[in-house]
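Below is one structure. I have some questions about it.
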Amino acid sequence: MRHRWMTLAGVLIAVALLAGCTRKPAGTTKAEKIVIGWAQWAPADYLQELSKEYTEETGTKVVVEQIPWPQFQDKIFAAFAAADDTYDIVVGDSQWLGRCSDPDSQHYLELTDWMNENLDVDAFSEAALINLGEYPKDSGRYWAVPAETDAVGFAYRRDWFEDPEEMAAFEARYGYALAPPRTWQELRDIAEFFTRPDEKRYGAALYFGKQYDTVTMGAQEVMWSFGGSYGDPETYRVEGILNDEAGVKALEFYIGLRKFAPQGAESFGIGKECVDAFNQGLVAMAEDYFAFFPGLVDPEKNPHATQTGFFPSPAAIGPDGEERHYISIGGQGFSIPRYSKQQEAAKEFIKWFCQEPVQVKWAGLGGFTANRNVLASEEFLKATPYNEAFAACFPHLRDFWAVPEYGELLTVTQTEWNAAVNGQKTAKAAMDAVAKQHTEIFEKAGYYK
Amino acid sequence: MNGRIKSGLALAAIGLVLVIYLLPIYWIVATSLKEYSDILARPPKFVFAPTLRNYVSLLLVPGEGLHATPFAARLLNSVIIASLSTIFAVAMGTMTAYAFSRFRTRGQGDWQFFILSTRMLPPVVVVIPIFLMYRALGLFDTHAGLIVLYTAFNVSFAVWLLKGFMDEIPKEYEEAALVDGYSRLQAFVRVVLPQAVAGIAATSVFCLITAWNEFAFALVLTQNTAQTAPPYIPSVVGSGATEWGRIAAGTVLFLLPVAVFTFVMRKHLLRGATFGALKR
Amino acid sequence: MANVRVENLAKRFDEVVAVDGISLEARDREFTVFLGPSGSGKTTTLRAIAGLEQPDAGDIYIDDRRVNALPPADRDIAFVFQFYALYPHMTVYDNLAFPLRAVHMARAEIDERVREVAQVLRIEPTLKRKPAKLSGGEQQRVALGRAMVRRPKVFLMDEPLTNLDAKLRAEMRARLKRDQTDLGATTIYVTHDQVEAMSMGDRIAVMDQGKLLQVGSPEEVYDHPANLFVAGFIGSPAMNLINCSLGSEGDQPALVVPGSPLSVTIASDVAERVESARERLVLGIRPEDVHLSRESRPGWIAAEVYVTEPLGAETIVDLRVGDGDGAPMLRARTLPTFRAAIGEAIWIEFDRERMHCFDRESGQAIT
Amino acid sequence: MTTAVARRRRALSDYQVKMLFLMPTLLLLVGMNVFPLIWSLYLSFHRYAADMPGRAPEAVGTANYTALLHDPNLWRYFQITAEFVVLAVGAQFLIGFGVALLLNREFKGKGLVTTLILLPMMLSPAVVGLFWKLIMDPNWGLLNFLIRPVTGAAPAWLTDARTALPSLVMIDTWMWSPFMMLICLAGLNAVPKYLYEAADVDRASGWFKFRHITLPLIGPLLLLALIFRTMDAFKLFDMVWVATAGGPGDVTEMVSVTLYRQAFQNWNTGEACALAYILLVVIIALSNLYIRWLNRVRGEA
């Protein structure tokens, strides 16, 4: 009896140990499988699809691990902090470059030399290469190979916009024709026009939410276009720049759009609620990254798929009367974590991916290529209903801070601006709070020494 | 007559309570059986054409037949981690509870308080050093890592719960076995354990539910290899639009084992719930 | 079979001294009873012999072998618990077979022994049942059977009859005594019931507050109690114990109770022996040694009937000697036919041969 | 089969058995609780980012603590947490006890009904948070559909700064009032019937019976359940993280959420450890209060 017991305990312990040892053995020369960590969205599906060809050519299996947006950053950084070798390639956000390339972290391998030797660097769209791969700015040092470019854009209900009755009513009320807006001011008018709660219709589903970087991505492009900025990129001075008149007015304008959004809009996040609201026929316009728009042209998910049009994030007329046009950049590049045991295999894959024929296929699947030739091709522009609007964004792309402290900076803008959206704070108070906390973060990190 | 009206009212109230508690669960099950368009329909649909699509797409890779999908792998991880950690926690808890119940130990009260106090420790407080520790030991994203952690997490509770049960078993039984020619260990296995079955069962239910549903540690300490279902299910959102149907299907599949286990153990549950705080 | 010897045994639980230096021997084949009230240390001593308690000091020998370091399993003893401790999850058969399986006895032999014991104890019909389905008497016999089945050197029993009703208890008393004699088994039996002790024991060890007060045959402890405690604890109704001092009645020495007519003349040699404790004496006399008379007789003491208790086989008479609140009370045991009204005058006389004298301070008997 | 003698020689003494039974648990708890706590105490006096392996912990004295204690936001997060704990535990207690009183009678299918009511507490809090988001969705959620005809209003629940915290309380109550119900029911079952019969003979009122028989007897048990729920509510993370992530704004930013954010989003590991210690002190103080209360109630009973 006792023997049986001991045996049982032994077996259980053995099982537990075995379970603990199910990790892949280290240091194989020929990679059987490489794992790419990316966020959960359509481009990741495309990449998985595309990689089948790579597997056919080389025998190396490619697994794209899709992490949902709210967890994306937390999970990848936890893996880095734990020196975990799960990922051979990480398709990381551009804001991460600073922290991951920092000499004290070295999460990313520096790819400068390898890229210059093995890739045609000039083939990349410059905006993509600089924003998605280079750190620090203008240093010529690369940490990532642009994989997917992206920008914030809008979907709109063509059937509502093109309804003659609506058009007439709109023109009568606002004095100009109803069409996809060129400026945020126009967008506001259209949103106001379509906001009819009794019909369960609202103007626009916008980036207001607290998850990850939602509200920041939405509000920052209005701030930039109004003439505001996060601060001086040379001195890192924030106070008086971020919360200047343009910044405060921009945020005031942005939170003013809340009343044209459906209930619960305070928590609308990236790639989810805005799209859901649009699919439900609740809103005339929905803001999201272009990469999420495949869900809007799929008739199974969007009953109005055929009646859906797209436009880039609009420009704005600032308090100074000038018109500017900035759009939040999205998209990511391939980086190789120092902890990967298959760095060479990872490089092989990236090299394969960047070949122009592969880029054509990538674009054909729906991927937003960074290859300037493919981007400019007629084929690409016509491939989806939204590619043309997407391509128009390129000259206007801009990014959040990419310094190593970006995570803390982002937490501040997310909390404060979301608080402003839901009426906890005035725009002025929120901007002042952001300026104060950003200054503290830079101070603590030693930027002012 | 008055009494009958009263009891009728009580029964009606019980029915209402049941509806309130079960409606959200019914909604989960219903959602898991709906097509996407039915899920977000306004007004919400109570009658709809059920489909198993959500389940199929969650468990089967299209075209590849019976390959393990990410969800199936997570479910398997949950089964391995939750069951093994429950077995370890209950086994260690039983032994420790027995030792505290039967042997006199110096500073026993302090030890017992120490063990109980670890149960009060919020996971977020220890998760940082454990993260660092696991990084150093190579236990990050391993089954063993979570098993050890959940065992430690549950064992204090198990000791506490089981001590109450052990105290209720007269020590004469083991003493009889001792003079009958058995060693202390044999007496424990052959005489004490069979009588502690109810307590062990109740403790297992509580430990299993805790380990099965744990989220924070699993979120921080795993990536893919050892990830359990709770942090994964909210991530089945899909691309483009929230895939509530698949999330619901995952939830139902995830709830099922623990619900069945609890149902089987239900008669012990009520007893275990008094935590030995009531002497009978 | 074997003898059991305990030398200078001591055991304390935290601040409470349970056993305070006890030495005694239970002889081979004898039925030894540990008798005492609760807290006397009798059960602790028994458990120490079994190995269920580790003594703080002292030695335990079974068959002249020191067993202090041996676990209970290796002492070759059997223990019958007050609450029987039948394993609730096993059938009667398994309960009986359990000790035999411990030594990996062959299945057939186990079966044979179990059936044999079951037959002796007349519990064969219950073999397939679980303990919870048995009557108290059956449970008690199964517990005994579990002890017997191993044929141990020594039987240790901790108040095994306490949980039975009165009728069954009397019946089991006799059976147990007879079985023990037939088996010739060395037995140590713990009880607080002096009737059990007297009726069953070959020798009785009387304990109180962790100390051994007297060891002897039932007759010895009854007829010659070594001290006040034994005198008062053994016998029912209890011995009359009267505080008195040495005085005189006429020219004869006598035990007198100041302020009361109670006065008992004693022989001069007895007087010499009690001289040392003359002001702090206790006179002990068993109720059956108090003789009663309805008429005044010379030398007899006048008393008054306080109450009578006719018990059928005998009558107990409570008496008061003298007036006032401090007057000594006595109990007498007499014939069942004796009848008296409350307050009736009566005359009493003590059986001089069976009187006991104790030193009130030391408690020891003066003989 | 070994001989009896050989087998016995191997048998463990009571002391060995005791050590064998105690040590694994104690070692495990020391390794998984005490050691990490010491480590994090050390880190709490340092500036350290766990994701920056190149930077050694830099001793900063009590700077992390001073910074936290001077942070007005943190005090608000403690307030939010306290508000949640009081509301949620209070509601769970009242509802759980009410349902237990309702169920404390004989009727057909009692066992099944009890088990079914327990279902919510078997769910993963993360999944519960996720699902109530769907149910509470202001536009297409089930809840607004059900209550609109009754109340006329359709609140935005989790996404409105005014209703977000009460919504979380509601979800937590749905999930955990069955736990209270279970414990109360067990307690009620354990009160001996003859006590009520004796009170009936004395013609005691229902309230009197409740106040003077039921409550004193099950009081310690209820308090114990309250301790458990309070501690659990205090450290609640998963449900909040999934349902609101502390939003909208920071109206549901509980301390545990902030702690996670500091530790695993901002990677201020040192400061996060200090915050963890502040939280720990609060919890220890709280549980001591409770235990003192418990001992007093036990003394009375």
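We call the chains A, B, C and D, going by the order they appear; numbering starts again at 1 in every chain.
In this section, a residue touches a chain if its C-beta (ideal position, glycine included) is under 8 Å from a C-beta of that chain, and two chains touch if they have at least 3 such contacts.
Predicted, not measured: the structure shown is a model, and the values here were computed from it.
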| item | value |
| --- | --- |
| Most remote chain, CA-based centroid, reference being chain C | A |
| Chain centre separation (chain A, chain B; CA means) in Å | 37 |
| Averaged-CA centre spacing for the pair chain D and chain C, given as whole angstrom | 58 |
| Averaged-CA centre spacing for the pair chain C and chain A, given as whole angstrom | 92 |
| Overlap residues in chain D, where contacts from two or more other chains coincide | 8, 11, 13, 50, 139-140, 264 |
| Contacts with 2+ other chains: residues of chain B | 40, 42, 131, 135, 183-186, 219-220, 231, 234 |
| Residues of chain A engaged with two or more neighbouring chains | 74, 78, 81, 83, 200, 280 |
| All pairs of touching chains, each written as two labels joined by a dash | A-B, A-D, B-C, B-D, C-D |
| Contact set on chain D toward chain C in their complex | 1, 4, 7-8, 11, 13 |
| Chain D partner contacts - residues on chain C that touch it in the complex | 71, 73-74, 103-104 |
| Touch list for chain B against partner chain A, complex | 36-37, 40, 42, 80, 84, 87-88, 91, 131, 134-135, 139-145, 147, 185-186, 189-190, 219-221, 223-225, 231, 234-235, 237-242 |
| Contacting residues of chain A [partner chain B, same complex] | 1-2, 5, 9, 12, 15-17, 19-23, 35, 40-42, 44-45, 65-68, 71, 74-75, 78-79, 81-84, 86-87, 200, 271-273, 275-276, 279-280, 292-296, 298, 300-303 |
| Chain B partner contacts - residues on chain D that touch it in the complex | 8, 11-14, 17-18, 20-22, 24-26, 28-29, 31-33, 35-37, 39-40, 43, 50, 99, 102-103, 105, 107, 111, 113-127, 129-132, 134-135, 139-142, 145, 174, 178, 182-183, 185-187, 189-190, 218, 220-221, 224, 231, 234-235, 237-238, 241-242, 256, 259-260, 263-264, 269, 272-273, 276-277, 279-280, 283-284, 287 |
